[in-house]
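Each of the next two complexes has chain A plus one more chain, namely chain B in the first and chain C in the second.
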Partner chain A sequence: MNAMTKSAAELRRAARDHILAPRLETPFHDRLMALSEVNDWYNWAGYKAPHSLFDSELEYFAIRSTAALFDISPMVKYRIAGPDAERYLNRLTLRDVMKLGVNRVHYTAWCDDHGHVLDDGTLFRLGAQEFRLCCQERHLPWLLDSAFGFTVDIREETEEIAGLALQGPTSYAVLRDAGFADVEKLKPFDIAAFPHEGSDVTISRTGFTGDLGYELFVQRAKALSLWDRLWAAGQPHAIRAIGYGALNQTRIEAGFIVANADFVTAEGSLRALRVRMPDEIGLDWLVDPDKPNFNGRRAILDARRNQTLKHILVGLEIEGNIPAEHAIVYHRKKHEAGLVTAAIWSPTAKRNIAIASLERPYGSKFTDDLWVEIYAMRELKYQKMMKRAKIVPRPFVKLARRTATPPGLT
Partner chain B sequence: MQKYDALIVGGGHNGLVTACYLQRAGLNVVVVEKNGWVGGAATSRELTPGFLYSNCSYVCSLFRPEIMRDLELPKHGLQVIAYEGGAVFTRDGDYLASYRDHDSHRREFARYSKRDAEAYERYARDVTRQCRFIQPLLMRTAPDPFGFRPRDLSEFLYLAKKFGEFSPHEMAETLRFWTMSISDFLDEYFETDVIKAYLALSGIIGTALGPMSPGTAYVLLHHYMGEVDGSVGAWGYARGGMGAVTQALARSFEAVGGTIRTDAEVSKILTRGGRTTGVVLANGDEIRADLVVSNADVKRTFLKLVDEDALPGDFVHRVKHFKMRGSSGKVNIALDSLPEFPALPEGSSCLRGDMHFTDSIERMERAYDDWKDGRWSADPFLDMVIPTTLDPTMASPGKHFMSCFVQYCPPKVEGRDWTDADRDAFAETVIGQIADYSPGFRDRIVHMEVRTPREIENEVGLTEGNIFQGELTFDQLLFNRPVPGYAQYRSPIHGLYMCGSSTHPGGGVMGAPGRNAAAEILRDLKRTPEQMSKAHDVI
Partner chain C sequence: MTSFDAIVIGAGHNGLAAAARLAKGGRKVLVLEAAHAPGGATRGHEFAPGFRSAGLAHLVNRLDADVARDIGLDLSGEGTLLPTTVLDGSGKAITLHGAYGESIAGISAEEEAAFVALRKKLIFQAGILKRFLRRPPPQIGAISLGDLSTFAAAGFGLIRKGRSEGRDFLRMLLMNVADVSDEYLSDDRLKGLLAFDATLGIHLGPRSPTSLLGLYYRLTGEVAGKTGGQFVPSGGMASVAPAFVRAAEKAGVTIRCGTPVGRILADRGRTSGVVTRDGTEITAPIVVSAIHPQTTFLSLVDPAESGTGFVRSVKNVRSYGNVAKLDLALDRIPTFEGLPIESRHGRIVLVRSMEQVERAFNPAKYGEFSSDPVMEVTLPSLADPSLAPAGGCTLSALVQYAPYRLKAGWETGKPAFLKIILETLERHAPGIGTSVVAANLMTPVDIEAEYNLPGGHWHHGELQADQLLINRPTSAASGYTTPIEGLYLASAGAHPGGGISGLPGWNAARHILSAARL
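== the complex of A and B ==
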């Protein structure tokens, strides 16, 4: 016991130097640094991450036309394992985990007791009793407290596991040429393990771009060799490394939302009225009322029955070509109806698109005659515009190659 | 004999704030101060050549920016510098640091517990939510349930509306917050001793309660609702020491024609026919004034300066039982070089923040046990800062001023008065604790000032040396501070007002009591202040 205590203290002492590098470097930092032409870094959850590496506009076309490599290591990752893991996650999250097969991934979300969304994320089923949960915010106390009464082991593994997203029409070709045999068998949301350097790399056919693409997870120590393997194989397929600016464009086209950008998480909100229920951020389809009890179930079903839902998340197509980021949405140009949370000119759809959070009944009952007020600063003068907005289904961009199995080479 | 419109008893920060607002509203105001300098418990004094001491209050965060602006304090020399983080040293030679950088702070907590590291977010959110609720109340007069005038009703409605913006869940949280012990509160978030000890500090500073006493969670809020330039919860140093706050106030006051008389101790507040007529000084001089505003604490004002027979009996009884217990002391040290703390990495930002040596709630509670027995804590907790690491004006280059706030320290030692020998033994307890973590510390000491409740009461005039002029427990807040029915700065005597920290919203170098008192006085005079900003919006 004494020896154990001492070693814990020693470990703790060894970790003191973290303050010397307040922005951690990801396992791929050396490669990113070498490729960074513009030194355009931002802080992603305490990590130094590229906003762009050479040119966001061109990086976008790497995703939509060839293959793009994006470092997702800063994403928060939890390993959840044990005999009750499935039952536990079913109680924790909105979707039915019993329907999630081994070697499958699903997108899900989880709520507090009031049905307010704590976060969204992807749940990887790596085995009958083994899962990985990936998300934007940190939840360890919530996950541990929720485990009361379950035989389950929960571990935060963000720093130990390196992650890469390989996205774009030639991403399959890159993996094939990198020697990942049978990777073409992966259907969307499938997972498989492949040998790499005496260890395993877990590849899933998932991504945040709405395009053909994969996500790869590997032990930190094998990160650089994995990068090099992909990079070498990717050269004939015009692989490029990209930053978040380009990825964000594609995720808006795909209609995906980002926690604490398109909605405020329940644990992150200082203002009580800012929280959202799943139905208020377009995640109603995740809620499975027929599965066993899950956290927030009663509040969500009550809100549906009593029609007390206050907000709704919609996709907007806006006339013109000026992105309407954070613009106010009006009904009949007069009544404030909500706020645009994300907006771009979509190079692929050739349309001005936006994701907006509206206050019901706008967006639910009143769906016509919506307008956005755009303030565009041009050479120190605001050009004020009132533009017509139309509610359209998401995704804004739907690509057949995303789901084609076997995947195409281009 | 000269007659003033208003006379302020005591030149502390709140007295000066009231004086400034009244003088600016066109009154002829005099501040009467017993010491040879103004400042009360916010002073900078050169107690040994070359060193300025912030010898009472020592850090700044609560002082309301609205007041700084109204009274043009920056023009009169006030600058507040935000400081960086801090640390608790642990007995095993390690430490827990606090860093301003969000992710560094999380990683530092994660050295002790990954769970606690991720729990900090929710903790900070919950505390911030409560601070956002309280902040706008600081600059408003508490509604008086005894009066129930239209204005009191509207204040109650305001409170109800503020409260109504909370979800039922948050209302429950608020009530818990205002009544729980800081120890129980922290247990709901954290598992690590040293993390809880660090966060509990703010729950007991200046309070004659232990971390396990109910009510201490609110005291923590009181320390978190300040700000430095909009950064809520941040603390800073007043450049030039805490005297810079009161010096700027004094200059602002004199610039608009106010009069300050130092070395003028008030021995009696005169009353005739239920109203005040002025004061008599210790030297026998009489100063006439239509209004007298006491910056002294409520006990000193009504039990020492006013004739008891001029006051209602129940009022006197309440004042006597207002909790204002001495619980802390102060050791101020001039150092000829920067102390070393081998546990810290070289150049650590912790040296520029607040430092502590108490690494568990249990040690804090045991320190409190000593106080209950009438002794100073054998293992006290310290709030130690070295402002000269960021402020070049308080000592020459390479030299340092160190301020150690020490708790617990009783008003009497085992029932008898403090002696000089007691004081020296108390100081040795403190120095011994620091030296355990900082080899060679004693050799760096050039000069030292030791202040037990005895010294604080004698010099500053705070009863029992209580830094808040009365404890900040829920029974002594809002319309119960200091006495039910007299929470709006007025007293039973016509023309006699209170403006010190004994009044709402309480202690700390905040200025809000002084400002609110001025607002009430001007209301009675049917005058409007030249400039009195409303509380800044909390959006």
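== the complex of A and C ==
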């Protein structure tokens, strides 16, 4: 049967065959599948991603003690290029892109006209006129609409670019032994390109763990050979593939926030009061009032001047060792003050830590006498605990090896 | 070099009204006009040797009395309200005398009574809306005392005549003109007139939901205190622009023509002046844009200075014109069959029925012009003999529907549409074809080019429910202020909308002056 004899309904169905694969597989799926002992998968932006591969706790210690390989391919990636790319991104995002050098990365966020955060992410400057923007949610319509009046080309490259995070104290040793010469010269937030299989792999000294680590981007077709190259070189350095559960623990220790976990993105929120300004989720330091106009500028500065900011994001240290995930925060055990958005017992800090969103003036004016109410399910019965919480600075874990250049080998 | 307190972009009547008001408020004002003469859409031009057109508008029906008095506009002729005659081709005319048919000739006494009842109802209802016209639209989240008193007055006005009138207002407000006409009237020609008046210049047919708003808008206008009146100033429409210019100059305004603005200066949310297209920078703390909001924010202000959401909403303003303007040079005064000679200096509407208007609209939805168009006609040279050589006559017609985005393209469409219009005129005024010396048809595309009006839309954006009041032109710029501090909107694209009222410009200027007092 050819196209001429197929019915319209059949052709329509054929054009929609994506519904046959409601979960996409990442370019590294074959390797992950082979390594997965526990078959613990979750949905990351439509991709099948491991929550854990063999043991969350051991995976965590791979990040903190040896080297961990984490598949970041589902991260949404945009290529933004053209003569106006810098000016365009400067209007789109909060930080001053003119200060971002070529082959440098910075963490940033972007807002709608009302100053509500649409997402946060990392901006890679690959050339004078070429950038890659990585983030959690999809934003193509917003990015394209923002391009009116700019000579700039915007392409989504989530599917065609594979990404790997290699994190941990021996991550540099792995790269060195995999033959990436001069990678030790990379300072934090530096980018460099290295040859791989007749193509390039872009390596940046970045990560989401607060540890020494790198992120590698490569064309989809070269993904598996890159994995194998790292895997082989990593054996003497105790490389492990890990899932999100372990990574999440380290990012909480590092004090990083996750869109739609620690705050609700402006386009994703259904309820009017869920949106957040940068200052309400700890991103006030990204806002640069001195650079040229950017989306949300007026609203953010007005909110600062008129003191209409409603929330604040804080780091908490909580007594005891029971993680306070999604616990309600109280002031004087009585007045509701906010919500814990992420919490773990930190194996590295040996502290019970949390990230919480508080409603001002709690967290801004009233910073003492805070409590969290933890409900711990113990064999079909909640054990209710009111635990004292103290506001502490983030990151909870600060590792000298994260920034040491040249990087250490162990 | 002289420095100015405010720069007004565009010397249309709204720009001049804004400039005059600002100057009377003590500001030093410079008006920059791209064309070589002021007047905007009321700027005339010679369209054939010896024959002049007075511009887009051929009647005045909503010039605001407060504006005229305040800026010292010396226009006379208001005393003579012009009649409207409906011709359906049968040779039997209906003529509405006074202000929108205070008395009517050519229909049965029964039908006249029905029209009187409908007219009274519509004028009452339009009166409730009218109080919102002379002030900035209420800003959601920042409702002022003045807003509350306007709401209260509107509410009181609503129940003043009893609950049933109030209920009827809320029932009718968003209805279509066809259903309302059917409720009251039976004469097809009268219904056709209401349908035409409700939809002229708006991309709606009489059966489209909310089409009654267009008629309300017309009836929020008044002349010499009479709702729905229309007149041509002594000296003709060509005297409108000079009157506004005189008022502005008398107030101390400087007007520079042939000076198109290339850029509105803005940095981090604040304007500091303009750069003209020849590169001259003129600074001022206040810039009043009395041109189309889309030109303002999509061409003159660097999009980087606006938010993505704002640019998106400005781009989404619907502003595609649907009316063609015809100027005919004739070697004698035409004779329309059935038109009483004493009514020929008035407005002549060529329409058979409401259904004709609806059917004329249908093709416009699909990017085609009407093959049986409806139009209103005036003979401008009767009031202003200087428009035509001795013995000659000019005819001005607003013809709909003529969609801006014509599928076939206006290059081929224009001669075809002109032929249809001339044939229509020939049916009503046999012999007119042989007296045509020259014809100048301006499609919305021509209007766009001639008057720098995006989409060729004389309201600077559709005058429909979703683009009125707090959404005119778009919510973030609906109170004359814009997201850019110091930059204000003052054209028909701002509240309350188009027509020669002077209100958008005057309201904007008053808002600027009152904000400065705070």
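Basically, the second predicted complex is superposed on the first by the 394 of 410 C-alpha atoms of A that agree within 3 Å, B and C clash if a C-alpha of one lies under 4 Å from a C-alpha of the other, contacts with A are read in each partner's own complex, and residues count from 1 in each chain.
As a working rule, a residue touches a chain if its C-beta (ideal position, glycine included) is under 8 Å from a C-beta of that chain, and two chains touch if they have at least 3 such contacts.
Just so we're clear, the structure is a prediction, and the values are computed from it rather than from any experiment.
Colleague: With both complexes overlaid on chain A, does A:Asp17 touch chain B (first), chain C (second), both or neither?
Modeller: Touch partner of A:Asp17: chain B, not chain C.
Colleague: Touching A:Ala34 in the superposition: chain B (first), chain C (second), both, neither?
Modeller: The answer is neither, since A:Ala34 touches no partner chain.
Colleague: Can A:Met377 be said to touch chain B (first), chain C (second), both, or neither?
Modeller: After superposing on A, A:Met377 lies clear of both chain B and chain C.
Colleague: Considering only the touch criterion stated at the top, classify A:Gly149 as touching first (chain B), second (chain C), both, or neither.
Modeller: The answer is second: A:Gly149 touches chain C but not chain B.
Colleague: So, does A:Ala272 touch the first partner chain B, the second partner chain C, both, or neither?
Modeller: Once the two structures are laid over each other on A, A:Ala272 reaches chain B alone.
Colleague: After superposing on the shared chain, does chain C or chain B touch more chain A residues?
Modeller: Comparing touch counts on chain A for chain B and chain C gives B.
Colleague: Please indicate which partner A:Ala400 is in contact with in the superposed arrangement: first for chain B, second for chain C, both, or neither.
Modeller: Neither chain B nor chain C is touched by A:Ala400.
Colleague: Name the residues of chain A shared by its contacts with chain B and its contacts with chain C.
Modeller: On chain A, the overlap between the chain B and chain C contacts is residues 114.
Colleague: Spell out the residues on chain A that touch chain C in their complex, using ranges where they run on.
Modeller: Chain A reaches chain C through residues 87-88, 90-92, 112-114, 142, 145-146, 148-150, 289, 292-293, 295-298.
Colleague: Which of the residues in chain A come into contact with chain B in the complex?
Modeller: Those residues of chain A that touch chain B are 9, 12-13, 15-20, 22-24, 43, 45-46, 114, 137-141, 144, 156, 267-270, 272.
Colleague: Within the complex, which stretch of chain C touches chain A?
Modeller: Chain C reaches chain A through residues 266-269, 298, 302-312, 315, 476, 483.
Colleague: In the complex of these two chains, what residues of chain B are touching chain A?
Modeller: 92, 94, 97, 99, 101-104, 106-108, 110-112, 114-115, 117-119, 121-122, 125, 128-129, 132, 165-167, 169-170, 189, 345, 348-349
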